[in-house]
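When the chains are written out, they are named A, B, C and D in that same order, and each has its own residue count from 1.
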Amino acid sequence: MENPYLPSPVRIEEIITETTDGALKTFKLVFLKPEDEKRFRYLPGQFAEISVAGKGEVPIGIATSPTEEGFLKFTINKVGLVTTHLHNMHPGEIIGVRGPLGKSYPWDWFEGKNLVIIGGGFAFTTLRSSIVYVLHPDNRDRFGDLTVIYGARHPGLLLYKEELAAWEQRSDINMHITVDATDDPDWKYNVGFVPTITKEKAPSSENAYAIVCGPPIMIKFTLPILTELGFPPERVIMSLEMRMKCGIGMCGRCNIGTEYVCKDGPVFTLAQLNQMPNEY
Amino acid sequence: MSEVIIPKDELASFVGRLLESYEVFAPVARGGMYLFERISAADEADLSYKNTRLSPKGAFLPQSERMFEFTVAPGKEESGILKEAPKEFRERVLLGLRPCDAQAFKLVDVNFITKEYTDPWWARRREKAILVGLGCNEPRSTCFCTSTGGGPFSEKGLDVLLYDLGESFLARAVTEKGEQIVSFCSGKAPGESLKSKARELEAAARAKIRKSLPVDKLKEKDLLELFNGKFWEKIEFACINCGTCTFVCPTCWCFDIQDEVYKNDGDRLRNWDSCMFPIFTLHGSGHNPRAQKVQRVRQRFMHKLKYYVDKYGNGVACVGCGRCVVSCPVNIDIRRVMEVMTAEVCEREE
Amino acid sequence: MKEYIPKIREIARKLLEEEKVDAVLGFRKGTIPMMNEPFMARSASDVDLLYWDSNCGINLANYLHKRKEKIAVVAKGCDTRNIVNHIVENQVKRDQLYIIGIPCRGMIDRRQILAMFEGREIEEVDEDAENVIIKGDGLSETIPRVEVLQENCSICIHHNPVIYDEMVDEPVEEPDHVDRYDDIKAIEEMDPEERYQYFRDIFSPCIRCYACRNSCPLCYCPTCFVDESRPQWVGKSIDITDVMTFHFLRAFHCAGRCTDCGSCERACPVGIPMRLLTKKLEKDIRELYGYEAGMSLDERPPLDTYRPDDPEFFIK
Amino acid sequence: MKDWEPKIVAFLCNWCSYGAADLAGVSRFQYPPYIRVIRIPCTGRLNPKFVLAAFRHGADGVWISGCHPGDCHYLEGNYYARRRFALLKSLLEYMGIEPERIHFSWVSSAEAGKFVEVVSEVTETVKKVGPLKYFMKKRPEVE
């Protein structure tokens, strides 16, 4: 019997400090067993439980795209017991990964559609996965225009800075990077909150889906703008966070009404969320 | 299916024979209460009990269970790698459990055995278990199993059903597995008079359950209307947010996963958890979607009586055993909550 | 004690009608024998639900902390001592409260009665001044109430409220000679090994439901030590070391504050006599510092004060 | 048991007993090497949880030491602590911890001699009672 609670051992290959405050680090992980890697088939939007023996597990969105083979990346905020311990670990050490878990963004719905990806802060991880996935030559033709609006409080808190810069240069993606504020005279991109920039750039809702991921306050002010732009709630896709333990819909804590965020989510449409109790 | 008579003075030898082939769990008297525990001698089982204080769910979902073990010794190759804790899963007989509790196992199965995932510990124990139920001649005043799809002699989820006929038990096999158990009884088949006595007991027991609750109405209620009901504030007032109701409940399955380290070795354990505890849903960020007591109380009742109903189309996640009614320190009575939730007019929060 | 009900309702009605309070905290009659439910009457129409008998053992002070409204509270002796604690510990203000004092004659030990009639269904338990009357399926027994009181009530020396705005009746007589610590002394006589085994047996049925903690008016920390993870002071399994560590620290948090109201034992679903720990601390504090919890608004709790000449025989 | 060496956790107040340990070291006094010192700002900071945690992690004995009454750097921290210690010791013993395992002392930063004396006495007593029997966290007996 396959044990869905058993993490696969992985080696920490590399640890990248992403932000100037040091609170976010990206962990590049490599499976110890090739069969575990083969089994780990995922799509952007899914997450995994990162397991540290003796400390516990944390659910983290997968930052890599399935088009990047041979490793997984997770960008982890230093918050509690497990993540603090992770931040003190070094390349070469062994941890565990359990997954992939949850539902991905609905990629079959996106076929032939334009995509508007809106992200804020460190919630950009599964969005990065999505962008890399869409931009991959095998996939690019399956989707229409790709617009990305990504903001952080200041330039030092933006994730994946090199990739952001590279995407800015490409013609097959409309990239809008923004920060809430900066005193950096060399800052070449937008300044302003994500909702403001969304309004300003006004991506068309025509034949489009929006994926929105970010802190509650950003979501709160972005959703009305998407409505203004003509996105119906069925085409606004969101990803939720919850305290989780099992990640497979059994331990009982992450439900919103009838839905378990870990298994039935974490991806929901705004239309679905509107029908669910407001308890998240 | 076959029926046999076990005279009461032969019960011990019957249990003794079971003990030779199975792990046997049975009601055991423990300091002023009964608990469902594994027994090692036939005379430990006491079938004269009314019901156990805690439900028998611990036989499949122990309060604390070792999931994995590991070493964190530095420099060792296997350091940090979890291995499934070695366990033996022998065939086990749950002897004399109440029909409501057997029904509860079926309700919990849908959580642990799903098309995507199977909980290995629950599933292995369930697979190897034979459930020998004991019908309730004397339902308690807090029992309401007939409202929740069961009954004092319900065969749901059982392999064998026992009737206590006074001088003897009538054992009826309900499943193939049950036949196996019945074959351990040396007794003969019941005559017509004992059979009719069993039927009379059953009818009398049903008549003794006075409480009838309109549980079916819950299906039709609007989820958000119930969720936003104003009545939750009244229901939750007395609640002290302990975990008693959830821990005594046969259908509460929530658990927590915890790592422990003892010098260089460690375990990943799972322990019963409760939606009554604030930490149950506390995010690392400090945000808590169910920070208020009223939200947690609502979660417990909504989960049992509405979310479960809507998600699985399987009835309510309550079997009417009455344990939470008896054990709640502040007398929050799920029967009263059911009545409020199924009332015609549902007061909504403005 | 049912005879107090009309007076309780009368006072409550007056207070609510005259808008002297926003709510009256008391009990309403329970749905099963020997249980009542803490209840907040918010309008005159709720008043007739207020109820009182010898099954009101849950300490209502537990429902007072951090409340903003003006509340009348029906309070027996131990409840008022916990209210004093609350006021001293700044959990509630005196002028927010209108205390309706109950001269208490002790609460019935539900667990004991259930055990006495194990196997038989008790359907109703009634009481008069002297007796408890138990009725059920072919059952009708009269037992003198002194024989079925909760243990803490049988050794209670403060039946009457220590603080109140109005009494529902004349004070009851307080007993003369009560040895509150028989059981504690017997444990003190044991050697360490015996004591450990004794408590191990006592605490092994614990299911970690925290009913003892949550029914206790003293437990109001925003985050309990059992939920702290960095560091984690106590594991969450039913391992006996964790269970005993929990009970040790829970009791210690009550040191100098516990009024022996018995809510913890009453709430425990598996019948653990955890008062053996809090009572030990109570005894020590009485002997060392001459203090009794919750008796005066002007005294600091014993662990929040000191005397330069406090005993220090155990310090090198 | 012959090779057993006691583990003693010593919670020393920063201003007095920790200073005494320092002075004992500087003065090259010899004392038994079984104590693990944890510096605390004041004995008033000692939460009973710390003592339980020490036993939980396998300490055979715990020793808490601070300034003499009246000499507290924070004026009265040790007075408060003294009451807490009396109850802590009593309740620990009541639940089965041997009295030989829990020790308190007042040692000023000038009393390197007393520091050595107390370490020796604590060590001897803990040695006599042997390894910790209860309240140590072990692998739980669960399924």
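Keep in mind that, in the parts below, a contact is a pair of C-beta atoms (placed from the backbone, for glycine too) under 8 Å apart; a residue touches a chain by one contact, two chains touch by 3 or more.
All values reported here derive from a predicted model rather than from experimental measurement.
Taking C-D and B-D together, the chain pair joined by more C-beta contacts is C-D. Separating the centre of chain C from that of chain D, both taken as means of CA atoms, is a distance of 35 Å. Between chain B and chain D the centroid-to-centroid distance comes to 47 Å (mean Cα coordinates, whole Å). The distance from the centre of chain A to the centre of chain B, each centre being the mean of the chain's C-alpha atoms, comes to 39 Å. Measuring from the averaged C-alpha position of chain A to that of chain C gives a distance of 51 Å. The residues of chain B that reach two or more other chains are 63-64, 256, 258, 260, 269, listed in rising order. Multi-chain contact residues of chain C (touching two or more other chains): 235, 237-239. The set of chain D residues that touch two or more partner chains comprises 137-138, 140, 142.
Interfaces, counted as pairs of touching chains, are A-B, A-C, B-C, B-D, C-D. Here chain D touches chain B in the complex through residues 58, 137-140, 142-143, going by the rule given at the top. Across the interface of their complex, chain A is touched by residues 67-68, 70, 72, 79-82, 84, 111-112, 114, 116-120, 123-124, 223-224, 227, 253-261, 266, 268, 270, 273, 275, 280-285, 289-290, 295, 299, 302-303, 307, 310-311 of chain B. Note for the complex: chain B touches chain D at residues 62-66, 87, 260, 262-263, 265, 267, 269. Taken in their complex, chain C has these residues touching chain D: 187-188, 192-193, 195-200, 225, 231, 233-235, 237-242, 244-245, 248-249, 251-252, 255-256, 277, 280-281, 284-285, 288-289, 302-306, 308, 310-312, 314-316.
Within the complex, the chain B residues that touch chain C are 30-33, 48-50, 53-54, 63-64, 138, 140-142, 237-238, 240-244, 246-248, 256, 258, 260, 269, 271-272, 274, 277-279, 325-327, 329-333, 335-336.
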